[in-house]
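Read from first to last, the chains carry the letters A, B and C; within each, the first residue is number 1.
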Amino acid sequence: MSSSEAPVSVVTKIVDGYFRFLKFVIALCLAIMVVLVFGNVFLRYAFNSGISVSEEVSRWFFVWMTFLGALVAMREHGHLGVDAFVMRLSPFGKRVCLILGQTLIAYVCWLLLVGSWDQTVINLDVKAPTSGWSMAWFYGTGIVFAVTGGLITLHNLYRALFCKLGEHELVQVKESEEIHGEHANTQGEPALRAVAGGKH
Amino acid sequence: MTITIFLGSLLGAMALGVPIAFALLICGVALMYHLDMFDAQIIAQNVINGADSFPLMAVPFFLLAGEIMNAGGLSKRIVNIALAMVGHVHGGLGYVAILASCLLASLSGSAVADSAALAALLVPMMTAAGHNKERSCGLIAAGGIIAPIIPPSIGFVIFGVASGLSISKLFLAGIFPGLLMGIGLAIAWTIVARRDDVKPLPRKSAKEIVATIVDGAWAMMLPVIIIVGLKFGVFTPTEAAVVAAVYSLIIAVFVYKELKPKDVYAVFVQAATTTAVVMFLVAAAMVSAWLITVADLPGELIALLEPFMDNPTLLLIVIMLVVVAVGTAMDMTPTILILTPVLMPVVKQAGIDPIYFGVLFIMNNAIGLITPPVGTVLNVVAGVGKISISDLMRGVWPFLMAQLAVLFALVAFPVLVTGPAKWFAS
Amino acid sequence: AARDLKLAMQTNPGTAQYDGVEKFAALVKEKSGGSLTVKIFGGGALGGDLQVVSSLQGGTVELSQMNASLLNGLAKEFSVLDFPFLFDNEKEAHAIMDGPIGKKLMDKLPEKGIVGLAYPELGFRHISNNKRAVKKVEDLAGLKIRVIQTPVYVDMMNALGANATPLPFPEVYNALEQKAVDGATNPLVTIPVMKFDEVQKYLTLTRHQYNPQIIIMSKKAWDKLTPAEQKIIQESANEARDFERQVSAKKNAEALEYLKKKLEVTELSAEEMAKMREKVKPVIEKYTKELGEPFVKEVYAEVAKVRGAK
């Protein structure tokens, strides 16, 4: 986004790499879910058998995909929201709303971190019924989400407070599920991607 | 009092431009303070468990199938079938759009995906033939929203999980009302397009028609697999969705050969990201739903609606008008998630058939996708059709009225939903 | 001031289990003079069983009632309750659950943040299907029987010669109706409540598994109570348990009467029951190793003692 800051810093590179990695992980999660669930159907009808861990394990991958994917969307301002009200405000009003909103989100991330931490500790030696995996892997999703989401939010707050945002960045939600992703800046492009298979 | 806290915190946060998912979490925090049971674990527990659902896995699988169908040439072939069959009659491209909407709806669960594909394929053809562009785009937008009514449907999946109703039953109950929406559109199109001076496409020879149908047969097998599979209990809706995804992947890569193996990764990333946006919202809604339950907010609402409780039809009309109003400003998924836990106890208490209500509720939400000011499908069609939102609004209104007429006909005659639903289920 | 205790469960009104917790709530209110109240959230309104267990551990929900073997994630010994043919009848089951074995299991819970109070019941499971009357073990061969997605259930059904088909409970009716599976295993009461009798023809009284339930409380909530209040809760749980077992027996008897009119009901001969026990032996051996031999032996010894005492 900030193409004017000429040399790409090491931090930016690491952060970009981290989110590219997250995208790879969520695609992998989806692929594993397909294999497990489809495999189960196939085995049931072809061989009268099944993978008994399929249901539970695929659900866990689903949970991880949801929260890691939600982080990707958070960074790309892809979450749904209603911008009808803030759009009518002056740049100053927009900035105030953004600061208030991001503060609330940061607080929610903090609560999520505390709550997931407690639940992860409680569930360290609790075993999942079918796979026998520690339930901490399940509740641990919340920790990863809260830490990364909190950092994204704090970064947004820092930029909002110290005037490093352009006016178009002061509204950070989209009205529809359709228009998100890093290429969604022009009106025609996201829709064209929809036809090309980039969309749901 | 609880209702005030619920609405105040939710709408307040949304007005600040906070994403709806986070607004739901903030609303949960406010309710925890209000109920004097503050504990961060309540948030963490419900948000994480909210995403942990086998039935909801139908969402990523149907989204993935939709992505593959659009990128892999399945959607295009469905449109070709519709073209070959009704392209030659007067005003035929409009009927093509309606027929294609219904056919695509039986493959895809998402209004957005369908209207994008239809707009890209049909708007250029319709305008070239001499149809009014605003009206063509309007028809396609209104046709796109049939997708969540005719199964598969992501809306029904999310509603089914939020309400605890059988997704299979909802799917089967949606078939006939979805077709009624198509018929409603056809009537509206006949009226508004009768004076259009257009040249119909040349009638295709029988040979050409057969060739088109054969070419599209692989794609048309998919709805057959899904509906037969669900009807005969061969698989659960989630399994139907994964079968749809794998089937369309095989057809797109190996039969039509329009999806290159190297594009498959991008398709998976896209489906996963879109799923995450929907699912994070679902998960966040579980937090407020849990607190709504503990606070017995539906009880408060039932007390408020007491004057209507003895008259289910009147109650239904009131609820439908509220949902239409909410739908003007909100997208489908958040509306379902926010209203279902509040409305379902009311509906059950009033003795309204929950499956019937579900069909009406989802249809109403789908209509919200084409009501201004905020209409996701309007945005998509405007983008793809290269037309301004205000022009599109002018073009869509006759079809919007037709869909609302169908909705309120179903309110007046419940048997239009329950009758065919019984037939399909037996 | 009155304190509200939330009780979360999956069961809906109209069942013995729900009647039982309603009794529990009434008893707590009565004995505490209204200073403690139990508010019931049925139908999974506060989350699935595993989520509720975690809520109890964290202290965000105070009470619950569920199948006791679901606690095997906290203490693997609870799995023994899923063992096929462990008990012959309710009397035996009640004696074991209320005796030293039941207590030993409950004693494993406090270190996990949970207090066990009493064992009501879901009851014995039986096998129904729509293909043929199962009069011999061999009749089960090849039947697709729906089971819970728990390894013991799957292995046991396969050991009996059937094809275990794990399915989520809400999908069972549809699957039976459309003949995607041939049969299912349920306590008698469940069959008419879920209308499975509409889509099944044959019922065999196999009594192959007994599911005890357990009333549990969050230890965090428990520790906040005065000893007098703890006593009230414990006594109410015990009385509610006895009440629930009576209701369960009555409802099961009624259900059987009703089902005899709707389905072809088969009692298995002692000889066939013995054959079934023989068939599931390898399954029991496999899970005995996982649970730890000494504990399982102790359980079977205790069962033998109770059986001999009659």
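As a convention for this text, contacts are C-beta pairs under 8 Å (C-beta built on N, C-alpha and C of every residue); 3 or more make two chains touch, one makes a residue touch a chain.
Everything numeric here is computed off the predicted structure, so don't read it as measured data.
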Between A-C and B-C, which chain pair is linked by more C-beta pairs in contact? B-C
Using C-alpha centres only, name the chain that sits farthest from chain B. C
Distance between the centres, which are taken as Cα means, of chain B and chain A, whole angstrom: 23
Whole-Å gap separating chain B and chain C, where each centre is the average of the chain's CA atoms: 40
Residues within chain B bordering two or more other chains: 39, 41-42, 45, 54, 234-235
Residues of chain A touching at least two other chains: 55, 118-119, 139
For chain C, residues that touch 2 or more chains besides their own: 54, 58, 168
State the interface residues of chain A toward chain B in the complex, per the touch definition above. 23-24, 26-27, 29-31, 33-34, 37-38, 40-41, 45, 55, 58-60, 62-63, 65-70, 72-73, 78-86, 94, 97-98, 100-101, 104-105, 107-108, 111-112, 114-116, 118-119, 138-139, 141-142, 171-173, 175-181, 187-188, 190-192, 194-200
Within the complex, chain C is touched by chain B residues 37, 39, 41-42, 45-46, 49, 54-55, 164, 166, 168-169, 231-236, 290, 293-294
Report the residues of chain C in contact with chain A in the complex, numbered from low to high. 50, 53-54, 57-58, 70, 72-74, 76, 112-113, 144, 149-151, 154, 163, 165-166, 168
Chain B touches which residues of chain C in the complex? 6, 41, 43-48, 51, 54-55, 58-60, 167-168, 170-171, 174-180
Over in the complex, which chain B residues touch chain A? Could you list them? 13-23, 25-26, 29, 39-45, 47-48, 51-54, 56-57, 60-61, 63-64, 66-68, 70-72, 110, 112-113, 116-117, 119-121, 234-235, 238-239, 242-243, 245-246, 259, 263, 265-281, 283, 329-331, 333-334, 373-374, 376, 379-380, 382-384, 386
